[in-house]
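Here chain A shows up in two complexes: once beside chain B, once beside chain C.
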Partner chain A sequence: MTQIRKFFPYLISVLAAFVVVGILLWVLGFNPLKAYQTILFTSFRTPNGFIQTLLKWIPLTLTALAFTVPLSSGKFNIGAEGQMLVGAIGAAAVGILFKDLPPALLLPLVILAGMLAGAFWGLIAAWLLYQFNINEILSTVLLNFISFALVDFVATGPWRDPAAGHPTTVPIGAGGFLPMLVKNPPLHSGIILAIIVAVAVYFFTSKTTSGYELVVTGANPRASKVHGINIRKMFLFSLVIGAAVAGLAGVIEVAGTHHRLIEGLHSNFPTLGLIIGLMARGKNQAVPFVAFFISILEVGGSAMQRTIMVPVQIVLIAEALILIFILLSDIIKRRQK
Partner chain B sequence: MSGLESTITDFLKLTFLSMVPFVLASQGTMLSGRTGVFNVAQEGIMLVGASVGFLVSYITGSNLIGALVAMAAGGLFGLILAYFTTTLKMDQFVVGLALFFIGTGLSSLLPKLVIGVTLTPPLVKTLPEIPIPLLSQIPIIGPVLFKQNILVYFSILLSVFLWYMLYRTNMGLRMRSVGENPKASDALGINVSSNRYITSIIGGMLIGLAGAYLPMVYTGTFTDLMTKGRGWIAIALTFFGAWSPLPILFGSLFFAAIEVLSFRFQVGGSFIPYQFLSMLPYIATIVVMIFTFGKSRVPAFLGQNYDRERRTL
Partner chain C sequence: MEQENVLLMQQVNKTFDKVIALSNVNFELKPKEILGLLGGNGAGKTTLMNILYGLYRADSGKVILKGQPVTILSPRDAIRHGIGMVHQHFLQINNYTVLENIILGSRVSRPLTANYSVEEAAIKELCERFGLEIDLSARVETLPMGTRQKVEILKALYRGVSILILDEPTTNLIPQEVDSLFETLKIMVREGLSIVFITHKLREVLSICDRITVLREGKNVISLTRKDASDEMLVRAMVGDKMDLEKSVMFTSREGTGAVSASQDVLHLEGVSMIDQQKIQELTDISFSIGSGEIFGVAGVAGNGQRELAEVVMGIQPVTSGKISFNDQEITTLNTKDRIAEGFVYVPEDRLADGFLNKASVAHNLILGYHNLEPYSRKGIINWKNVNESSRKMISEYNIKTTGPDEIGGNLSGGNIQRVMIARAFSQPSRLMIAHNPTRGLDIPSMDFVYQKLLEHASTGAGTLLISEDLDELLLISNRIAVMYRGKVVGILPREKFEKYEIGRLMSGYEQESK
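The block that comes next holds the complex of A and B.
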């Protein structure tokens, strides 16, 4: 019963957002029922739709965790975009430079390089916070813009694939490809990495001492400081861990999905990751489930654009509204006490 | 005019032209910040301002109406921010980020609904230069300061007005006291909520106008994500300007100069790859933050909601 009660505000929020967007769709001359049918059921109608949903779930879960892990200590990492891209650059660089290595060596190297590169990008912001007390929201956002230029530089430089019209590098060595789990429709093993990370984050924050220190720092920094936790180190640590997870999202896009670095491979995943993290109210263990729901909406949204010509941006509006309604439900709960 | 003189004149003129979005967005941030509302939705509000401002002037053929509607849209975002934080006491960063998402989504959705997809970009007239008689004839200073579009003049006058209002009037004193100590202000009979609402709404209007400037002066059309981080830079600039109108005006000139330089070098061609030149504004912002953060004066209750029923602050 308590479980249902916990879930209830979410359900109401989703319904309320759907009603608002439904009215918007109706005013614009689309059929809202048909639109929602497409949005909600595309993922379950065909095997391809389901696999598409899983493939979106991977980067969405990882970029959302990149936001919620630092949030556990009270810090806002808005830079998953940049960390994911720099992670992708790291993975692609190693994959191209050592393309002749066997899979047993190359794949771990590609993954490690990408995660380290992402962590490094987060470390810049973390260090600016640690050393100069610079607001992490600003530094991580600014680093995003720098990373866009960096990707463009790498994808149009010496590694450029001249056959591609869009800025793209040559493929990484076949040894760096993530093995396929399902051949047709294709599903790579990045999903296993994402599940491992999600479980590890849950285990770390709820079952270990340093994870506990992290969460306590976020809950009450002053009390934590008094009890001997170095909270500034906690901030630094949580931002770097989050950034490494975002870096892994970049690795998986390179080693699993595209097998090369493509400009724009981050898509809208990091932005959605932020929305997912906020919808989960920063709870790491809720992230994978919220991310799955958002993956369904995203896959359904692009199908809706193809079939009934509703602009896909309407899904982003719906997601932002769900978020607002979930936040509002907190207020209502507070008043009822 | 010699070659060097005209190069310098052109550079300064462009710098003053490019300072406007920074001035408007940053003064808007400063204004609500002085009463304690820390807006972090600038990037989203600017995009909405750019999108709405462009669409309305495209349909009506009037830049003025476009700019006014863009301001109204920005003001609406400011109102929502104030309602969720001041009345409902929700976390300011979380609400700000949510508004940033909504703004970004709306800005790219609206043109698709109103105009649809076209082969050639729909264009609006860009703002004309309005030379001020006599003054615009002065060498160098004339074309730089007195031969600009109307919003350049507006942003300078606005900055001076805000300085006067905040530091020389009772209304400004009340606003500043709300951001420094809401409890004491409340005890003295100052309405904390209404001060926060008013500054948040006007701040949002200025940020919306900052967005509308981009299609109306730079491009003549709206493109997705055309703010390119200027909204975020404006927050850093506000810290750089110590949450004070006149330093913000001068800080805007600095950020505008870097933007112009970065663009000039990219177009002019140099031995440095253009991608690294395009990073310049963002790197400069981070470097500036290193030197100003922690040293600049910040309103004491920036980003914190006030609940009069709580005993502690």
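The block that comes next holds the complex of A and C.
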């Protein structure tokens, strides 16, 4: 019963958002019911639709966790974008430099390099916070811009693929490709990595003493410090872990999806990751489920554009509205007290 | 025929969420009397008076003022009806003068020129009439607590109130200031005012009040004149039948809490000074030792370095110079975590900022600082089964009102948050307890329980640094009392030399100034 009551505001928020979007669609001259049907059921109608959904779920879950893990300690990582891109650069660099290594060596190296590169990008902001008390929101956002330039530099530099019209590197060695789980439609094993990360984050924050320290630091840093917890270390640590997870999202795009570094491979995942993290109210264990829901909307949205010519942006409007209604439900709950 | 009343409150009910704060409370105030409104924390005294002053609205009930039913919706209404209130925390603008603070928010005769000579004359007359000696041109932040309180009283008098409510007015005062306050109250009554004196201190009620009304758990218990009242009767009325007075620390005289056989020093401070990050000298050359089994009290007006002393001892703030040793080992640079591992326990004063996690569960709160110890965790993995089990034990032993270990801390009331902190502090064997205002917000049986625990803890040979703004608390259970003034220890008195006025004199910095 209490479980149902907990979910009630979310359900209402989703419904309300759909009603508003429905009115919008109707005014624009589309059939809202048909649009919803496409949005909600594309993922489950065909194997391809389902696998598309899973492929979206991977980076969405990881970039959302990159936001919520630091948030557990009270820090805002707005830099998943940059960390994902630098992670992708790291993965691509190792994959290209050592392209002749066998899979047993190259794949772990690619993964490790990407995560370390992402972690390093987060460490810059974390260190600035630790040493000089520089606000992490500003530094992580600003580092995003540098990462765009870095991707451009790498993708148009010596590793450039001359055959491509878009800034792109040459492919990484085949040993660095993530093995396929399903051949047709294609599903790579990045999903296993994402599941492992999601479970590990859950285990860490709810079952370990370090995770406890992270959570209580977020709940009240001053009281945590008074009770012997090194909170500055917690801030640093959580930002770096979050950044490494974002880096892994970049790795999977390179080693699983594109097999090379492409400018813009981050798509809108980090932005959606933020929205997912907020919808999950920063709860790490809720992130995978919210991410799955958003993946369904995303896949359904592109299908809707193809089949009934409704612009895909409608889905983004729906997602934003859901978030706004969830935040509104918080205010209503507070008023009721 | 009894004297007619000036104020009647009838059948007042008030609930907060699901908590019943007042149920069918009746209240009567007679002309020219000082009425003591007595009760422990959570008894509903302040709630009742806040309703009268228009800060809260009653769910039901009537207010009859001089025979006329009135509705009071705001403090402005209350003042218009001649009811004023002096809160525990003064509502003053620190860098304004006394005069400016008094006339703030009232109509002035010459608003365009900021020439307040008319108002000044009126206030001076009030000062004379009520025997209040205050320099009207002084900025309030430079004044001692007792004087600031008189400014607050003057504010009410200037607005022409005939009923004045004082909420725990003696809390931050030294004994000399309390005497002076009582003098003022007597003059005010003589001049025709009626006064409600909210307090939980028995002695004050018996020494100043004409009549006494006791509330407990939001209900009327008794109302009687001072002549008819006895200590024992009032104690019983305040605490109810549940409390065992024989075992109580507060209501039985205790012997043998004099000097402890100072065989060994647990804690030793030598010339400790601390300059904080804002470059303010918070502590200056503090030296003392706490013996094994000793409760070492620290008295002082709030904000004279007590909190900084506690934080330096806990290793939360580094010392600038000086040495701290624990059981003859120097620990000056040891961090907080390691001090906790050595057996330091801290009950901070500011519970919401320093002691409690509003956004985490009760269980999270109860293990804070000890989460690395068995049985709470092993090899870095928390055993939530054990945590929940001992949380439930603590919840029942310390009478914490909560739905269970999983409830979010923010749902708890102030008194229950204090109980969580006390439960946590006593949940582990410790060798040095640093307790800062450990009974703030607790009702009387709980206060007594904390005293029993502190004494029991001291009897195990541990040292205790008890910092408190409640002088009675210190006099009750300390072996020695040090007095702090402006970051210095200005005197240390052994139990046989405890004397309230002497401590008050030290607290006001008299000795320092005269040197």
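Simple rule for what comes next: the second predicted complex is superposed on the first by the 336 of 337 C-alpha atoms of A that agree within 3 Å, B and C clash if a C-alpha of one lies under 4 Å from a C-alpha of the other, contacts with A are read in each partner's own complex, and residues count from 1 in each chain.
To be clear about the criterion, a contact is a pair of C-beta atoms (placed from the backbone, for glycine too) under 8 Å apart; a residue touches a chain by one contact, two chains touch by 3 or more.
None of the values given here were measured: they were computed from a predicted structure.
Q: Name the contact category of A:Leu28: first (chain B only), second (chain C only), both, or neither.
A: It touches chain B, and chain C stays clear.
Q: Check the residue A:Phe132 against both partner chains and state whether it touches chain B (first), chain C (second), both, or neither.
A: Touch partner of A:Phe132: chain B, not chain C.
Q: Looking at A:Tyr212, would you say it contacts chain B, chain C, both, or neither? Reply first, second, both or neither.
A: It touches chain C, and chain B stays clear.
Q: For A:Gln313, is the partner it touches chain B (first), chain C (second), both, or none of the two (neither)?
A: A:Gln313: touches chain B, not chain C.
Q: Determine, under the contact definition given at the top, whether A:Val182 touches first (chain B), second (chain C), both, or neither.
A: neither
Q: Please indicate which partner A:Ala223 is in contact with in the superposed arrangement: first for chain B, second for chain C, both, or neither.
A: After superposing on A, A:Ala223 lies in contact with chain C but is clear of chain B.
Q: Using the touch definition from the top, say if A:Ala200 reaches chain B (first), chain C (second), both or neither.
A: Touch status of A:Ala200: no partner.
Q: Which of the two, chain B or chain C, is in touch with more residues of chain A?
A: B
Q: Kindly classify A:Phe145 by the partners it touches after superposition: chain B alone (first), chain C alone (second), both, or neither?
A: The answer is first: A:Phe145 touches chain B but not chain C.
Q: Touching residues of chain A toward chain C in the complex: what are they?
A: Interface residues on the chain A side: 207-210, 212-213, 215-216, 218-220, 222-230, 337.
Q: Which residues of chain B touch chain A in their complex?
A: It comes out as residues 40, 84, 88-90, 93-95, 97-98, 101-102, 104-106, 108-109, 112-113, 228-229, 232-233, 235-236, 239, 273, 275-276, 278-279, 282-283, 285-286, 289-290, 293-294.
Q: Can you tell me which positions in chain A touch chain B when the two form their complex?
A: 28, 76, 78, 128, 132-135, 137-139, 141-146, 149-150, 152-153, 156-157, 271, 274-275, 278, 311, 313-314, 316-317, 319-321, 323-324, 327-328, 330-331
Q: Contact residues on chain C for chain A in the complex?
A: 17, 311, 314, 316, 335-340, 346, 348, 353-360, 364, 367-369, 371-372, 377, 380-382, 384, 409
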